[in-house]
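Chain nomenclature is as follows: A, B and C, assigned in order of appearance, with residue numbering initiated at 1 for each chain independently.
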Amino acid sequence: MSLTAEDVKKIAHLARLNMSPADIEQFTPKLSSILNFVEQMNKVDTTGVEAVAHSIDATQRLRPDAVTEPDQRKAFQAIAPAVEAGLYLVPKVIEDE
Amino acid sequence: MEWEIVIGLEVHAQLATKSKIFSGASTAFGAEPNTQACAIDLGFPGVLPVLNAGVVDMAIKLGLGINAEIAPRSVFARKNYFYPDLPKGYQISQYELPIVQRGYLDIPLEDGTSKRINITRAHLEEDAGKSLHEDFQGMSGIDLNRAGTPLLEIVSEPDMRSAKEAVAYLKVLHSLVRYLEICDGNMQEGSFRCDANVSVRRKGETKYGTRTELKNINSFRFVERAINYEVERQIELIESGGTVRQETRLYNPDKNETRPMRSKEEANDYRYFPDPDLLPVVVTVEQIEKVRKQLPELPHQKQQRFMQEYSLSQYDATVMASSRAMADFFETVVKTSGNQPKLAANWVMGELSGALNKANLDIIDSPVSAEQLGKLVLRISDDTISGKLAKTIFEALWNKEGDVDHIIEKRGLKQVTDSGAIETLIDKIINSNPQQVADYRGGKDKLFGFFVGQAMKESGGKINPQQLNELLKKKLSVSE
Amino acid sequence: MHNKTIAELSQDLAAKKISSVELTQLYIDRIKNLDQQLNSFITLTPESALHEAKQADALRAQGKAGRLTGIPIAQKDIFCTQGIKTSCASKILDNFISPYDATAVQKLKQAGTVLLGKTNMDEFAMGSSNETSFYGPVRNPWDLDRVPGGSSGGSAAAVAAALVPGATGTDTGGSIRQPAALCGITGLKPTYGRISRYGMIAFASSLDQGGPMTRTAEDAALMLNAMAGFDERDSTSINMPVPDYTATLNDSIEGLRIGLPKEFFSNGIDPDVAKTIEAAVKEYEKLGATIHEIHLPNTSLSIPAYYVIAPAECSSNLARFDGVRYGYRCENPVDLEDLYKRSRSEGFGSEVKRRIMVGTYALSAGYYDAYYLKAQQVRGLIRRDFLEAFKKVDVILGPTSPTLAFKIGEKTDDPISMYLSDIYTIAVNLAGLPGISIPAGFAQKLPVGMQLISNFFEEARLLNIAHHYQKVTDWHTRLPEGF
């Protein structure tokens, strides 16, 4: 699987990573070689084989519906990059109207 | 050129659990920003989700209420995208295997018939936080209290063919989730959110037209207006040679128009995959049965019962059963009225609803109690008062002047039913209006109304109309 | 004293031969004097350590001491420690002071251990050589020009050089076992679900497991006793009782059936490593075990499967590092996109970015079936291979790493060559089975590690089998020169 610079740009955007032209030049062949490598999996026929998402054979446990968490805003926001009036600040989010 | 409108609706209902779907933080509305966002809701490194049992029960209830299959095994999946109100950079949702599968709701149409709207699925997911756009030195402020609140996303098939059908469907669904006590249905607070997928096509065409998604419609009225605007816009666009773009549009209620949402322009690749931090959710037949036993009488069941027990029309039954509060109120009125369902329905849907709407009150806040209204209906049906005067008494009840009998007594509103007294009164009128009597007897039948009017005036409206008519006819037809 | 095991130190503390404060100070001094050579620690906490040691001594005076009370340990910097910097060896968390303790940290605290500091690692646990850390590479105490292995390289080096008697590590594709092998110590990856992942910063959620890194199997058993157990805050935590892993260490292994996978001894393995393992196998025969050849036919597919699943899960797990609520934020972001892209690009190292890209690609529209789904199916095949093998044998044995410790910088330009270092360990994570690496000898003056793999939740058996080997050999007692 050979990736183009366009492909790499798209993936980088999905992952919110910056890619300078130099980065792209460096990344593209390395990524392509990794993807080529993993295509070895196609050597084996897996029709009918169940996909394993978890190594354990268990089902989701449920917790009772109760409020157990206290307000820890002070402690949590002490390590935040930018807060005001208890809110986390980010560059203006453009939504209509 | 005949056009067909195709509408599908996606409703996000916030489930009324005390704690969040994956953490033990509170879901209570209106708290100070970020005071109900725990480490899990904030997406701190290393935290993990654990599923709230109450959420599963509520999903089962909804499934039963829409006659759907409850999936014995369902899976949570991650929907990956970046947005500041989404702390983990992914939303935990359900993708390929939702907990509730195909179901349906029957909605009442204006012509009195009903239509079945199919529901594709309903799945569980977590809500995101909120962005506040007031200026904080040129920045937006993020409140994550809402992040992690449980949502049930209910997706309909594109079965609706008009804005009115869409509203009818929403009202039925809204009433159902409130009946089931899984959602408080408060659209202003955002606990019942609706997105509409709207497209048009030429009548007879089998392919669907390009659809747009409408957002920010948080009242039934807005739903109707937004859809109607969008339909017109699409038709105009196509008729003038343009094509509809698949996009998300925001409804502006002040301008009554929809405009494309800038921030959602680009197509998002959500890269769904099963969440490795959560295991498959198993629901047993026993669990479903347990929930089924706890279900209240559902709206459509109540509606059927009202039609049978009280001989109400489909329309009346639907309105009466539309909310538990309304239905309970109505049944109390019927009981205290000495079993007068038709009259009770007329008063609840007519005079009472009118007054409540005008005062912007919910039926649970009605100044006139169900017992009092029932008593009023009883007094009408047992001829204590005339129907005409009942309105006056209703107003007195509304203004808290006391109970029905007390008001009747105090204001002397008792209907005259004694035939002797009525005859005496009629005699008086006949004697005072000899010309009209002669004219009437001479053939001017229309003058009958004049005599009725005179009698009502004389008696202050307190004569039983049927008796008056009977006796008046008798007396007037007797010739001298 | 510094070369003593946790078990020995525990006895010395109990016999009042030394106090916890003295013991803690001893290690604090050793670290101060020797760690510049290794760079195995990111954060040191001498003050709080001495405070904890004092408390441990007080507890002991009240007669309330347990087996781990007053024992100094180190935590891999991937475990959240309340009030203490937790960096995952990344610039993006360089300023992150964790507001809470991981469950595993809490449990070791409750057992009375003393925290000396947070150890260095590959950034976000992605690596097999500890060369991707924001804080610089860790050096192998057996040869300072060589890597200690990764990602738990700091813990491995610190324990190997006796800077700390025991440390925690995490293992997603071999990150406890491989560095243990390259540094000549014991490292255990328990069954998936045995130790809580709550507070253990996630790399690949379906593969990650925490575990002890120590000089001996007995010590690993002591630490596992404290770390293991059901945690209601982790949905993938298994509710099974925790046995006393030390109680069965000396059970007889007469008649033990050991399986040697044909695929583990074919091409790619350093002949010296192979020779050392073969000698180790002979020791087991002497102890009464029988040796059988087994097949794990899909072994070679474990690396490609892993390098789809792990990056896919990590690409999602690392999305939360966005400069909004904690961690590194770029200066003067012009808009939201800029905030995200610059914070993440400036904060993450290149190996992390590479894996995020691979993972994002593998999950993206049109590729999910070909990559992610396929990898999960291969995972199913690999698990099946193991379960088949365990019908014939009780434990599987092989080399932990195909090579000896390589030189720093040798493989950094060739990611695939680096990935191949995990060939024997990765399959174990994909299957979720427990695995342990113990020192099996030396080749070219460098440690060689032997890996033992058992069936689900058979950690007690693994430790027992490892313990027997350590009773008849002394590889695990050696200290590198200069330490």
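Here is the rule we go by: a contact is a pair of C-beta atoms (placed from the backbone, for glycine too) under 8 Å apart; a residue touches a chain by one contact, two chains touch by 3 or more.
Everything quoted here is computed from the prediction, not taken from an experiment.
When every chain is represented by the mean of its C-alpha atoms, the one lying closest to the mean of all protein C-alpha atoms is A. Placing every chain at the mean of its C-alpha atoms, the farthest one from subunit A is found to be B. Between subunit B and subunit C, the centres computed from C-alpha atoms are 59 Å apart.
Averaging Cα coordinates per chain places subunit A and subunit C 24 Å apart.
Distance between subunit A and subunit B, defined via averaged C-alpha coordinates, is recorded as 41 Å.
Of all residues in subunit C, those touching 2 or more other chains are 96, 99, 206, 232, 235-236, 315, 319, 322, 324-326, 336, 340, 360, 364, listed in ascending order. With touch defined as above, residues shared between interfaces to two or more other chains in subunit A number as follows: 14, 16, 53-54, 56, 58, 60-61, 63, 72, 76, 82, 88, 90-93.
For subunit B, the set of residues touching two or more other chains reads 39, 42, 44, 50-51, 82, 84, 142, 269, 271, 276, 278-279. Touching subunit B in their complex are the following residues of subunit A: 14, 16, 53-54, 56, 58-69, 71-73, 76-77, 82, 84-97. Interface residues of subunit B, counted against subunit C in their complex, comprise 39, 42-51, 78, 80, 82, 84, 87-90, 142, 269, 271-273, 276-279.
Those residues of subunit B whose C-beta lies close enough to touch subunit A in the complex are 17-19, 23-26, 32-39, 42, 44, 50-56, 73, 82, 84, 131-133, 136-144, 216, 250, 252, 259-263, 269, 271, 274, 276, 278-282. Remark: subunit C residues 79-80, 86, 88, 93, 96, 98-100, 102, 197-202, 204-206, 232-236, 312-313, 315-316, 318-322, 324-326, 336, 340, 360, 363-365, 368, 372 touch subunit B in the complex. Subunit C contributes residues 95-97, 99, 192-193, 206, 232, 235-236, 238-239, 298, 300-301, 303-305, 307-308, 315, 319, 322-327, 329, 333-342, 344-345, 348, 353-354, 356-358, 360-362, 364, 371, 373-381, 383, 415-416, 419, 430-433 to its touches with subunit A in the complex.
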